[in-house]
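Presented sequentially are two complexes of subunit A, the first with subunit B as partner and the second with subunit C.
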Partner chain A sequence: MSNRSRILLLLGLLILASLVSLLVGQHDISPATIVRSMGRSLADLGVDMSSGDDVVLWKIRLPRILAAVVVGAALSVAGTAYQGMFRNPLVSPDILGVSAGAGLGAVLAIYLDFSVRVTQLFAFSGGLLAVTLVCAVAWCARTRSLILALVLSGVAVGSLFASGISLIKILSDPHSQLSSITFWLLGGLNTIGADDVLGALPWITLALAPLVLLRWRMNLLSFEDDEARAMGVDVTRTRIAFIVAATLMTSAVVAISGVIGWVGLVVPHMARFLTGPDFRILLPVSMLSGALFLVVTDTAARTVAPVEIPLGILTAFIGVPFFLVLLVRGGDRR
Partner chain B sequence: MDRRAFLSLSGALLTSLPLLHWPAPARAGTGGGTRAVTPIPAHGPPPETVRRILSAGPVADVLLVSLAPEKLIGLSSLDMPPWRRKYLPRIPRDLPGTGRLAGRGSTLSLERIVALRPDIVVDAGDADTHFISTLEQIAGRTGIPCVIASGRLPDMAAMLRDLGERLGVPERGQALADFTQSTLAHLAGIRERSRERPRVYLARSASGLETALGGSIHAEAIEHCGAINVAAHAGQARLARVSMEQLVAWAPDIIVTQSEAFFQAAQTNPLFQALPAVKQNRLYLSPSLPWGWLESPPGINRLLGLIWMTRIAHGAEFPDDDYTALLTAFFRLFYGCILTDRDLADLNAGVGARGHE
Partner chain C sequence: MTVMDLRALCLGYGKREIGRDITLSIGAGEIVCLLGPNGCGKTTLLKTILGLLPPLEGTLHVNGAPLAAWTRRELARFTGYVPQAHAAVFPFRVEDVVLMGRTAHVGLFGAPGPADRAVARDCLARLGILPLAGRNYMHLSGGERQLVIIARALAQEPAVLVMDEPTASLDFANQIRVLEHMRGLRNRGLSILFTTHQPEHAARTADRVVLMRDGRILGLGAPRDIMTPESLGRLYGLSQETVAENLRLPFPDPRPVSGPGPLPSPTSPAHTENTRKDSRR
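Coming up: the complex of A and B.
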């Protein structure tokens, strides 16, 4: 199968999954109503806010599916970028402390009884702050290898922020705030509306641009630094561009969805099994697979039970067995 | 077993893990054989020797401030803001914050407990096996007896009477228990006269999309006031997140919340504005002073929440005078605070036009 047809196939699957997802939910809407409502809105581009079905369909279900597409795609792309950059398949987007930083920001906002919007802002800034700190420390570190310094300070700063989260958990009201904190740290798309997606989208687009434009350079980064330099690549600057882009993307997503684990680690692997390591193809394939994975998972999260199954748990339950099978059956040893 | 067989076996095991409807462990508080008070060790100290009482958590704080404030040597809450203290005149100014003892995240060390020299440690909640064994360990290591008071509303009168005797304050225990019993009976009368069975959604957290399922102690005030918790059948007694779509499908008659942040956000959020309950001005922000009325902490403070919920659910059978008289009596008896009309307004105790501002 050629790469082009692989991408088209994934795109088709994503559209199919989204359509199926649009048909199911807690609020019963018959497929006929949905088709009629779709026809109506295509005809005059208006939504009838007085009809309960229309509100659920266009203001709740569709934004949530879009959110799953955006969040899944962004996490996978960020994961792919990090893995390529660190030349290490075990790296996930939180290697530089984004999740811990965003988590600390959000947990602090919940502890201080701030609104959802302020919580998102805190999470976004927390993620960026953590990575800035990590990069600053790595820059000043007296090791020869920038990557080693980044990973080490990422682990250290990540656990520092994680301890901050634990501290606030201890101080928070166990009967009200603690449950909110736990739910936030497990991730979920149940609180996301169209405005949240629209708020995160500019940042994600902004971050995606350098990744797409510099995608051929990522292949060069997989060589040893000296060799890449010999080929005329400014290794440090490229690496920083990738870090900034992937971090910005992850922060914007985590701010609206909470911490959703495993997507950024597993999906790039699935994509690599499909296409091989060429970053130019890997990027779109990973993006589409991530979106597909999260649309499917989130549809399960919102329909299987009357209450939400935390997305972070579900992605692990589906992602990890899949990952383990891939690990043993596929890969280099063949 | 070869590698492939092992793999498929472990894969099957992993995927067959039941994700949902995990059976919740049986709780002593909900089944038969409820004990209002569980002493550890079984005999407990002689009541006349109890002079110094240590509170082990927020639920016990509320209980002890009402039952035996003069014997209290520390509150578990680390700080008591002035706007809360204002309604609790019985608490001495210099009472230290000692931290939480058991449960999720202990901030009180065994050494500190011994240093505080309490005659007894009081905690509150459902006396399940893990909870009892934790306190057994603490009592065993420090030599200080502990007691667990049930946190459930139906046990409340019996619990107050029993605990009052054990702590050497039998008259107070009796007085609080009598008030509790007569209030519960009074509210039950209102409930029976009223034909209303409104369907209520408890909106927790700033997003409002977190709620308490049926049988959860957080939803007790709602379920005991003769209303129906819309999330009652969504799962076992615990907290959960729900989707906006589920909330639309439930279409509750009334939404109550204790989160100011959610209450403000719902005023402008078009999705919440489209819900029938909000359209009909039936979104209510519950009062939260000196402690939350509906929950947080889930202690005897929820008797106020039950009074408030009964007023919301059965307003026609529950006249204003009757309602404020009950609130005033609770504050005087339990918190030692004489409420003025101004205080009642400050507390946001009314349930009239609070749906929209």
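Coming up: the complex of A and C.
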């Protein structure tokens, strides 16, 4: 199968999954209703918000599917970029402490009873701050290998921030704050509105630009730094550009969705399994696979049980076995 | 013509000095081999020449211009680097690995096009490994990997190849194959600087040999003139008898084992000229 047809196939599957996701849920909507409602909207007759179907369709399901597409695509691309530039297929976007930083920011904001908007802002800044701190420490400690220094200080700073989260959890009010903290840390798309997604989109687009522009050079980073330099690549600057882009993207997403694990680790593997490691083709394929993965998982999260299952739990339930199967069966074709 | 000119070069990492007083020039279309024990500074010298490590003192001219005046991209089009055969992290196809050598020829935001692909395939064909083009680099044997990495360096279309122990960890046949390819590339005008731990390889392949020990050049000249049991004994800290017993060089020993002669001077342009003419015949 050519790369073009792989991309078209994934796109087709994503559209199909989104349509199915529109239909199913606690409130059943028939395909005919959707076609009628969409037709009215396209004909600019206005959406009838007094109808329950229209409210569920336009205010709840569509924004949520949009969020799943954006969050899934962004986390997967960030994971692919991190894995490539760290030359390590076991790296996830959390490696430099984005999640821990964003988590501490959000938890702090919830503890201080700030609004949802401010909580998002705190999470976004917390993620960026953690990675900046990790990079600064690594830069000062770059005696031999910058990568090793980054990973080590990422682990240390990440666990420091995680301790901060635990501390605030203990201090917080167990009746009101603790439950929202727990829910935020589990991650989910149930509270995301269309305006949250639209707020994160500019950041994600901005972060995507360097990844697209430097797509070929990413391939060279998978060799030793000296080799890549001898082939004419400014390794340090290229790697910094990728770190900034992937971190910005992860922070923007984590701020609106909370910490959704496994997507950024599993999907890059799926994508590499589908098309091989060339970042030029891996970039669109991992975006589409990530969007598809999260649309399917999130639809399952809100339909398989009478109560909604937190998305982070489900991504682990689906992602981990999938990852293990790839690990065992894929060999080094990953 | 001189492609690399090192004068009184002092090398090392930051404050840690590894090599001193390195004076050496590499002409167009000659193979120069660095020979010396582990830790003598061979790799540091290669890194300095590749512009990966700034020289501490002295001057280093590449193609007549000081190294500092070269951008990384320009340098990558003049000097190709062949590291030791290694394992890859991601399963790139052989053709894509070679295509990466084209990076210095495409724009910062660009990607290689059909013309670059043609160059990559041509480089594979020159080394007789075109059938490997579609294979997974991770599944290749050590010898195949080394040839692929040489093809990748050739795709940079360089004037000089810098090779770090190109025959290390290869089997007998692959060692011979790689050395033959090196001579073939030299005959087509490429300059090659390589390191090895096997004096026979230096003797068979190099036009000139640099004997390095403790970061200094002990001697420099044609293998025939400079690779005596006496000088190799001094290089590796062995007795002449041990060297003579264990090493069969492809030319008769010019001097009797018991007669230690003075080493040729490291900087003798006239001598160098003769050497190169000899090797061309």
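As a convention for this text, the second predicted complex is superposed on the first by the 328 of 334 C-alpha atoms of A that agree within 3 Å, B and C clash if a C-alpha of one lies under 4 Å from a C-alpha of the other, contacts with A are read in each partner's own complex, and residues count from 1 in each chain.
The rule we apply is simple: a residue touches a chain if its C-beta (ideal position, glycine included) is under 8 Å from a C-beta of that chain, and two chains touch if they have at least 3 such contacts.
Here the structure is a predicted model, which means the values were calculated and not measured.
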**OP:** In the superposition on subunit A, see if there is space for subunit B and subunit C together, and answer fit or clash.
**Re:** fit
**OP:** Identify the partner contact of A:R215: answer first if only subunit B is touched, second if only subunit C is, both if each is, neither if none is.
**Re:** second
**OP:** Examine A:A32 and indicate which partner it touches, taking first as subunit B and second as subunit C; both and neither are also allowed.
**Re:** neither
Subject >> Degrees between the directions from subunit A toward subunit B and toward subunit C, using C-alpha centres, nearest 10 >> reply: 140
Original post:
In the superposed arrangement, does A:L90 touch subunit B (first), subunit C (second), both or neither?
Top reply: neither
Subject >> Which partner reaches more residues of subunit A (counting touched residues only), subunit B or subunit C >> reply: B
Original post:
Does the superposition put A:C140 against subunit B (first), subunit C (second), both, or neither?
Top reply: neither
**OP:** With the two complexes superposed on chain A, say which partner A:E227 touches: subunit B (first), subunit C (second), both, or neither.
**Re:** second
**OP:** Return first, second, both or neither, reflecting whether A:L42 touches subunit B, subunit C, both chains, or no partner chain.
**Re:** neither
Original post:
Can you give the closest approach of subunit B to subunit C, taken over C-alpha atoms and in whole Å, for the superposition?
Top reply: 23
**OP:** Across the two complexes, find the residues of subunit A that touch subunit B and also touch subunit C.
**Re:** none
**OP:** Using the touch definition up top, name the residues of subunit A that touch subunit B in the complex.
**Re:** 25-28, 49, 52, 55-56, 59-61, 64, 110, 113-117, 119, 169-171, 173-176, 178-180, 183, 188, 190-191, 193, 302, 304-310, 313-314, 317, 320-321, 324-325, 328-329
Subject >> Touching residues (chain side subunit C, partner subunit A) in the complex >> reply: 47, 50-52, 72-73, 75-77, 79-81, 83, 86, 88-93, 96, 100-101, 103-104, 106, 108-112, 136, 138-139, 152, 156, 162
Subject >> Residue numbers on subunit A that touch subunit C, as the complex places them >> reply: 84, 87-89, 213-217, 219-220, 222-224, 226-227, 229-234, 272, 276-278, 280, 332-334
**OP:** Using the touch definition up top, name the residues of subunit B that touch subunit A in the complex.
**Re:** 3, 7, 10-11, 14-15, 17, 19-21, 57-59, 78, 100, 103-105, 107, 204-207, 209-211, 213, 218, 231, 233-235, 239-246, 248-249, 258-261, 264-265, 269-271, 274, 292, 295-298
